[in-house]
Every structure is written in C-alpha cells, then in structure tokens.
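A short write-up of the structure that comes next.
For reference, chains read A, B, C and D in written order, and residue numbers begin at 1 within each chain.
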Amino acid sequence: MKNDNLYKYILGIADNSLILGQRLGELCGHGPSLETDIACTNLSLDLLGQVRSYYQYAAKIAGDGRSEDDIAMLRKERDYLNVLLVEQPNTDFAYCMGRQFLFDVYHFMFLNELQKSTDFTLSAIAIKSIKEVSYHQRFSSDWIKRLGDGTEESHLKMQTAIDDLWTYTDELFHQTDADKAMVTEGIGVDITKLKSAYYQKVSDILEEATLKVPESKYFQKGGKQGIHTEHMGFLLAELQYMQRAYPNMEW
Amino acid sequence: MKNDNLYKYILGIADNSLILGQRLGELCGHGPSLETDIACTNLSLDLLGQVRSYYQYAAKIAGDGRSEDDIAMLRKERDYLNVLLVEQPNTDFAYCMGRQFLFDVYHFMFLNELQKSTDFTLSAIAIKSIKEVSYHQRFSSDWIKRLGDGTEESHLKMQTAIDDLWTYTDELFHQTDADKAMVTEGIGVDITKLKSAYYQKVSDILEEATLKVPESKYFQKGGKQGIHTEHMGFLLAELQYMQRAYPNMEW
Amino acid sequence: RSLEEQFEARIVRDEKIEAKDWMPEKYRKTHIRQMSQHAHSEIVGMLPEGNWITRAPSLRRKVALLAKVQDEAGHGLYLYSACETLGISRDELYEQLHSGKAKYSSIFNYPTVTWADMGAVGWLVDGAAIINQVPLCNTSYGPYARAMVRVCKEESFHQRQGYEIMIKLTNGTPEQKEMAQDALNRWWWPSLMMLGPTDAESIHTEQSMKWKLKRKSNDDLRQQFIDQTVPQAELIGLTIPDPDLKWNEERGSYDFGEIDWEEFWQVVKGHGPCNKERMKARVGAWERGEWVRDAAMAHAEKQQERKEKQAV
Amino acid sequence: RSLEEQFEARIVRDEKIEAKDWMPEKYRKTHIRQMSQHAHSEIVGMLPEGNWITRAPSLRRKVALLAKVQDEAGHGLYLYSACETLGISRDELYEQLHSGKAKYSSIFNYPTVTWADMGAVGWLVDGAAIINQVPLCNTSYGPYARAMVRVCKEESFHQRQGYEIMIKLTNGTPEQKEMAQDALNRWWWPSLMMLGPTDAESIHTEQSMKWKLKRKSNDDLRQQFIDQTVPQAELIGLTIPDPDLKWNEERGSYDFGEIDWEEFWQVVKGHGPCNKERMKARVGAWERGEWVRDAAMAHAEKQQERKEKQAV
C-alpha cells in the first residue's frame, strides 16, 4: 500500500474506539440504572460514529475495494491494533468506568492534538469528535469520583479496578513505526509528549476521588503490535460473526 | 438429498451431543474441584467422540463433499437441530449437573433403543456409546443426589436448577417428521414410548435426592425446528470461529 | 356537582388532567398500572434487541440499533417520570416489575434468533405498538399524553428503520430473503397477540374508553394492524404465514386465521420462551447495580454536606 | 551412623526414599515446594490451552485438546497426591497457590493468542518440560519419581501432538504458515526462560543435585532444548526468532542470543501478561466451587451416618 503508514495510523486510532464501543455495547440493558444505561449507550454511539469516519477514510486510502465494514470486521485478531486497555472485560461497573476514564483522558488529549493535523480528514474528524469526547471524560471522571468517594464498598471496588487497569496505561504512549512516520510528516500526534500531562490529570482526579494513584512500575503491552489479551478473541467472535457467516452481503 | 430424513435424523442426534460437549468444554479448568474438572472433560470427550462418528456418517449420506467439520461447524443457527436443554448456559454447577442429568437419562434410554436400529452404522455407534453414557448417567445422578441431599444451600441451588431446566424436558420427546419417517423404516427410535419411563426414572432420582419433582405443565420447544434460545448464537460464534475465519483449510 | 362529576366533565371536554388536579383513586391506579406497564415494556424491550448489538452485521446497523435501544431506554425514562407524577416512586415500580406483580408486553418474551429479527421487531412490533399508542397522544392524563407524543414520533422512525432492514434483506441473497421470511413467520402471530386478547376476554375496557386510555377495541386495533401490514409484506415479496388470510371485499379488510390464544395466555402467565431470562436479566442488573446506586447517593450526600459547611 | 548419614547413603546407592521413611526436614520441605510447584503448573497450565477448546478448528483437534487438558489435570492430581504423602493437605497446597506464596511455571502467564499457539505450546513448552522432567524419573523420592514416569510418557505424546499441529500449519496456506511462524516468534524466548534462570543466579542447585531433584544445570538443559528444537523448526520451514542463533562446530551446539532476563523476572514476580488473569481464574473457580465441595462433604457424612445406623 502506498500510504501504508497512514493506513496503519488510522487503524490504530479507530480500533481503540471500535473495541471500546463494542464493550460498551455489551452493557446495554444491563447497567446499574436506566440513566447509566442511556449514558453508556451514548458513549458507544459516539465512539462507533467516529469509528465509521476513520474506517471510511482508511478504506479510501487502502483503495482495494474494501468497505469500512470489511476493514472493521474482517481482519484477523493479530491485525487489530487497539491498546489492551480498551479490550478489558466489563468485570463490574467500576472496571467499566475505570477503563473509560483511563482511556477518555488520553483520548481527549490525543484528539486535541490531532485537530492540528496537516491531514485535513483526520483534523476534521478530530474537531468533530472532541466535543463528544470532552463529555465522555467528564462523565467517566464524575463516576470515578462518585465511586471513589462514595461508600466503603464502592471505594474498594474502584481502587481494585484502577489498580488492575493501571498496568495497561503505559501502552497508550508507545509509538509504533507508523506513529513515528506520521509525526514526522506532521500528520500524527507525538503521543510521547502527552504522557506526563496524562498522568498528572489522571492523578489529580484519582486524588479528588480519594483513590490511591497506583505505584506499580510494571506495565503490559502488545495491543499495538496485534498481540492481545485472551479476551479479544471472544469479543471478535461476536463482532465478526455476521460478516464471517454471511460473506459479501449488504445489510 | 436422497436420504434427507436419515441425514436430518442423524443431525438431530449429533447436534445434541455436540452442543452439550461444547458447553462442557467451556467448564474445563473452571470447575469446583480438580476431580470434577477431569470428569466433566471426560463427558465432553465422550460426547464429542460420538459426535464425530455421527457426522462422518452424515457426511457420507450427504455425499456432497462436505466433511464432518463442515457439517458440525458451518451450518447456520437455524439449521442446528439440538434440543433447547443442551444449549442452556453453565449458570452454576447445579445447572451443569441438572442439564447433564436430564439429558443423560434420556440419552441412555435413547441409545438403548438405537442399538436395535436396522441401520448398521447407527446401531454400531449406539452400542459403542452406551457404555460411556451409562457412566455419564451414574455420574450426573450421583451429583444430583449429593447436591440435593447435601447442604441447605446446595439443596436450594439444585432445586432451582431443576425447576428452571424442567421446562426443556418435554421437547426431548417431540417427534420431527424425520423422526417419524425413521421409526417407520425401523431405523429410528420411537421416542414417544420412552417418555413415561423417563419421567419415572428422573422422578425416582430426584426423590432420592430429596428434591421436589416440578409440577409445571408449561414447556418450551423449538430446538428441533432450529429455533433456539438466545444463548445459542454466542455458543456458535465461538464454535464456528476458526472455520468461518479461515475457510477451506486443513488443521 | 361532585368532584367526580366535575372531573368526568373535564375529560368529556377534552381537557387534560394534570398531576396536581383532583382525580378519582381508580383513575390514579389505572394510570399507574398502564403507564408503568408501558414503561416496563420499553425497558424489557431493550433486551431482545440488545442481544444483537455486539453482532450487528455492519457499523451502520450497529449504530442504528444502539440508537434505537437508547431511545427505548429514553421512553422508559419519560414514562416512569410520568408515572411518578401520580405519587409512586421508581423503586416501587421496579419492585413491581421484579416481583412479577407488574406486567410488560408479552412480545418481549420471544427470542431474537437471527439478525432479521431486528427488522421484524422494528417493522411489526413497533408497528403494532404505534397502533396501540397513537390514540394515547390524546389521552386524558396530561403527562402521559405528552410522553406519548414524543414516544410515537420516535417509534414511527423505528418502524421505518425495521422495515428498511427487511427491504434490504429481501433485496439481498436467497439466504437473506429466507432469513427475512423466517423472521416474519416467527413474529407475525406474536405481533397480532400484542394487541391484546379478543374483546370478549378483555377487561377494564369500558372505563378505559371513557378516560381515553383506550379509544378502540383490541380487535379493531388488530384489524387495523393487519390491514396496514399485509400490503407492506406483499410489497417486499414476503408471505404472511396465515393460510386463511384473504381480502374481504365486503368488509374492506383482511380476514385472517385463528390466533393461538393458548400460547398467548401461556406467555402472559410467565411461561413464554424468555420470561425467565428477561426477569433474570433485569433483576440481575438491578442487584449488581445496587452498590453503584448506593455509592452515587452517598457521594451526593457528602457533596451536599460539604456545600453546607462551606456556606456556614 | 546418624539417620541423616544413612539417608544420604541410601540416596547415593540410588535407593528410593518412601513416604514412611525418615527424611531430613529440609528434604521434605524442598520436595513439597518443588512437587507442588509442578502440580500447580499443571493446573494453571490448563487455562491457556483451555482457552481454545471452544474454538478448536476441527472436531479431531477439539477432542485431542480436551484430552490433553484432561491429562494435565490428571498430572496435577498425581503430583498433589505425591505431595500429600509428605504430610501436607491439598487445601493447604491450594491456599499457597491462591495466596501467591507458591509459584508455578511462568510460561503459563503468556496468552494463547491464536490456534497456532496450541501447536507451539505442545511443541515448545511440553518439549522444555520433558527436558526438565525426564531426569526426575530417577529422582530419589519414590512417589515423585513414579509420578514423573507417568507424566513424561504423556508429555512426550503431547509434544508430538503439538509438533504435528505445527506441521499441518506449515504445510497449509500462507496464512497458516504465518500463524505458525508468529506462534514460534512469541513462544520461543519464554520457552527458553522456562528452563530457569542462568546457573549464576540459580539457588538451591547443589543440594538439589545431591537429592537428584536436579541432575543438570539450567543452562545445560537450555542448551539441550535448543539443540533439539532448532532442527525440528528447520525441518518444517520455520525460523527461530534469534538472529544470533548459529551452529558452533567446536562445541557441537548452537550459540544463541541474549535472553531478556528482565522480562523473566517481571513475570516471575507476578507482572506477566496473564498472571492476574490466571490467579483470578483459579481463585474464582475455587470460590465458586466452595458450596459444591461443602455439599459433597455433607452428603458423604449423611451417607456414613445412615450406614452406621443400619449397622446398629
């Protein structure tokens, strides 16, 4: 592919939102209250809406006749480039909100920079998306505070979730070759520069939520190289089911 | 297909064991003790072993180039003919044993008759399988008694499972058109004749287990017509994943 | 004139009754029952469609399905709120649902077996719902009537969306066509049942007519649904699974076959294919969510205290 | 001569020590540690392979995989039993595993990402395990030695089965070949690490050698594994992911690249990709199973009582 780096760069962004949107979609109708059900469906909707723009653009770049759905749903697990964080399961509502929060803070900072991309399409998607993501960040931060500074039980559950998910945060700032190439071309965001602000922001909110900022220095990685956790295969089996079972049809 | 009824008849038998074997396979490594893990894996192994013989025979009858795996793993959900009972999820160990027990008692009686089939292959499979299934029945009956007549908690859990699963027992004795045709030809088992002995046997064991025999007269059906519960699609998404994602390959 | 007479006169004049107005106890109770039943139906109705969110066949359909299920949650929310104006709390309403005391539409006790069911549910179930609900936009109780205006607008969008799924399938491959026909086969009769028991067996009707909680009989609504839906099915080449279905020139309506009322009552009484599953899902979500709701409450109280302290 | 001297002399004479024999406390403790670690590895090792049971690509492979995982459970069972002969209960052993006090082989903290991992795990992980374990068939403690004879026989079957999965893939489509190579790339280095830290960093070795709990150093075992495996990889057209790998004519062995010991220690210390998941799965199964085990116990007691009553 001529624009192989750009293509991979877009997938890296889109896959994060696709997989997180899929996880949120699983929750639908099973959340702790009607209000949270509506809100989580909304997050999923926003993310999947953004995802469509990215994959449509990726399809255009690939130029090999594949549609947005082909790209979103017909790759092998090893070809999905999302970070491990977003594929983590809906263990309980604390995990859902923890995962959301740790991603949203990154996502917002990332889109904020992507707005300045010299790539017109990416910049336009970022400008359109950032308002939504700003709301996501507010929503998940509020829940971190509510659960962290709620009851003893919720505090414990929220802390456990943050401790477990923390190990997946470092990967957000790992640069792939495609990332580096895109930074050089002025298209991509230099995520390494966001890292300290990210941990500052996250720590501030955790502290406000009376939660401890985890001290572990051990982190997991692999998603950006397509090496996922064992949860991913099952998520994909559902995501891809119809496209795999009924190939080449219109829906 | 020339032998359409025979083909469907075999699928009806094989799909029960395939889907139950798949459910048991999910448990592997997650059971309440190492001993039960080994035993449940064993049930799964026996069932899937039997299943291979049936599908190989079905493939021969179909004679359209499809292999046992194509038949087992590449049909659409609506074409699976197993009873609803066997697809019920592994809610807890009481449900697993309840499902197993309610199926095993039927399965044993069924194979006992199938041994007399005028179809040599089916009769041979039945003769080979019945020893295994006799063990299954003993194993699951023992657990019904242990859990029913164990602690207060286990009694309650076992009763709940039996009450819930009871609604799927009647379907075991519904005759499809293929069933009827096969009975006429001396190939198939007249399952309607097994019904009262089945409920007698099941009731005896439930009573021995100090459990109440459910009185509900409302039953569910649909599996034999390929109309499954909402659990089935997710089970199939996993079962079929590799065959769907990597079509026409040898493993 | 008595309060009751004044009240009835207002209804006859098509005036809206509002939450603060005097109303007979039976009016209040009947409304709570019907509105909560309606709200519960929206909430339980999220489950059979939610079942396909993770497996929707395209991103466009996934987004549309999410939006639809979200709308249903929204309808549930308006309707619970409207219900709360009559002096019952949301927790009480949930309690009635979870204990089985309150009913919800029986149609949601059928499983969604294939993707085509997303089309059939939108087309038929939302279609029947609209026929039930449009007259309620003019019902006598103000909060309910206003909620229904909003609900109906969205439902008719959902119905079109469902029908469009069916169009796409019937224009597709033979497999897709078969999937569409199969869905129609499975959803047709339950959709007819959705419009309620035959008039002969229907209770509460007269009173409800007076209060404009009901404006047509179940059988009339059913006929309307059939007359509207049959041509839609024909248009896209689908066959209604009723050998007795026949245009009756004289009546200007379709004659149709016998409904299996035994099945209807079995499902209503809690023995449909998914009654247990649906309740397990709702009760499970509620119980698993308890600590979350408690935390939110505790946090809000803490925040309030802090504010008060600052104010001092 | 002291008991200790007699004991050591027996070991030198290659006599087996049995459960009832006198043994030094340290011998007992060391054996409990090693045998339980081995048993735990079998049990935890069921998880990464169990992960593919529901998704195995053919019925034949599904049956073989089930049988393999069942064998592992069986190995766990012998080894726990052998361990129990030394006066520790199964519950205590589980407690040590669940609390993190006891270790298990670090290799099982890597995820099984594709079907080819079922091949690579059999070929490489079981291959390395056999190299570790064959010498233990002659270890001094009788129950352990006998358990190992049985284990090794099955492991070598598993290894062949794993290699056969790889052969099938490398003879398959380009996608399958790529899948096989990818699995080798991911499992090669962890497999080398499986044979333990370099001799320089290895503790307990001398004592273990004397007791025949260890007969070769980690580095020797590793070299043996590499020398055995490289030709197997070449035979099926796979490339070992080590640019420094080179046949050393003089040594008659392969030279190989630097192992990432930092990764090794990270995983050993509990921070590998799946450590948390594996423990959650084990602890979860144990906790969810408590009422079942309690019931079985209660039932057995009731049965016993009934028997006793009848006997009276």
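Methods note: a contact is a pair of C-beta atoms (placed from the backbone, for glycine too) under 8 Å apart; a residue touches a chain by one contact, two chains touch by 3 or more.
Bear in mind that the values here come from a model prediction, so they are computed numbers and not experimental data.
K.L.:
Report which interface contains more C-beta contacts, comparing A-C against B-C.
P.N.:
If we tally the contacting C-beta pairs, A-C comes out ahead.
K.L.:
So what's the Cα centroid distance for chain B and chain D, whole Å?
P.N.:
34
K.L.:
Using mean C-alpha positions as chain centres, tell me how far chain A is from chain B in Å, no decimals.
P.N.:
Their C-alpha centroids are separated by 41 Å.
K.L.:
What residues in chain B touch two or more of the other chains?
P.N.:
Only 76, 233, 237-238, 241 qualify.
K.L.:
Which chain C residues touch at least two other chains?
P.N.:
55, 175
K.L.:
Report the complete set of touching chain pairs.
P.N.:
Final set of chain pairs in contact is A-B, A-C, A-D, B-C, B-D.
K.L.:
In the complex, go through chain B and note every residue touching chain A.
P.N.:
76, 233-234, 236-238, 240-241, 244-245
K.L.:
Over in the complex, which chain B residues touch chain D? Could you list them?
P.N.:
22, 25-26, 28-38, 41-42, 44-45, 48-49, 51-52, 55, 68-69, 72-73, 92-93, 145-147, 149-151, 153-154, 157, 235, 238-239, 241-243, 246, 249-251
K.L.:
Write out the stretch or stretches of chain C touching chain A in their complex.
P.N.:
Touching chain A: residues 43, 46-47, 50, 53-63, 66-67, 69-70, 73-74, 76-77, 80, 115, 165, 168, 171-173, 175-176, 281, 284-286, 288-299, 302 of chain C.
K.L.:
Show which residues of chain C lie in contact with chain B when the two form their complex.
P.N.:
Touch list, chain C to chain B: 48, 51, 55, 111-114, 175, 182, 186, 266, 269, 271, 273-274, 276-277.
K.L.:
Spell out the residues on chain A that touch chain D in their complex, using ranges where they run on.
P.N.:
Counting only chain A, the residues touching chain D are 76-78, 164, 167, 216, 218, 220, 222, 227-230, 233, 237.
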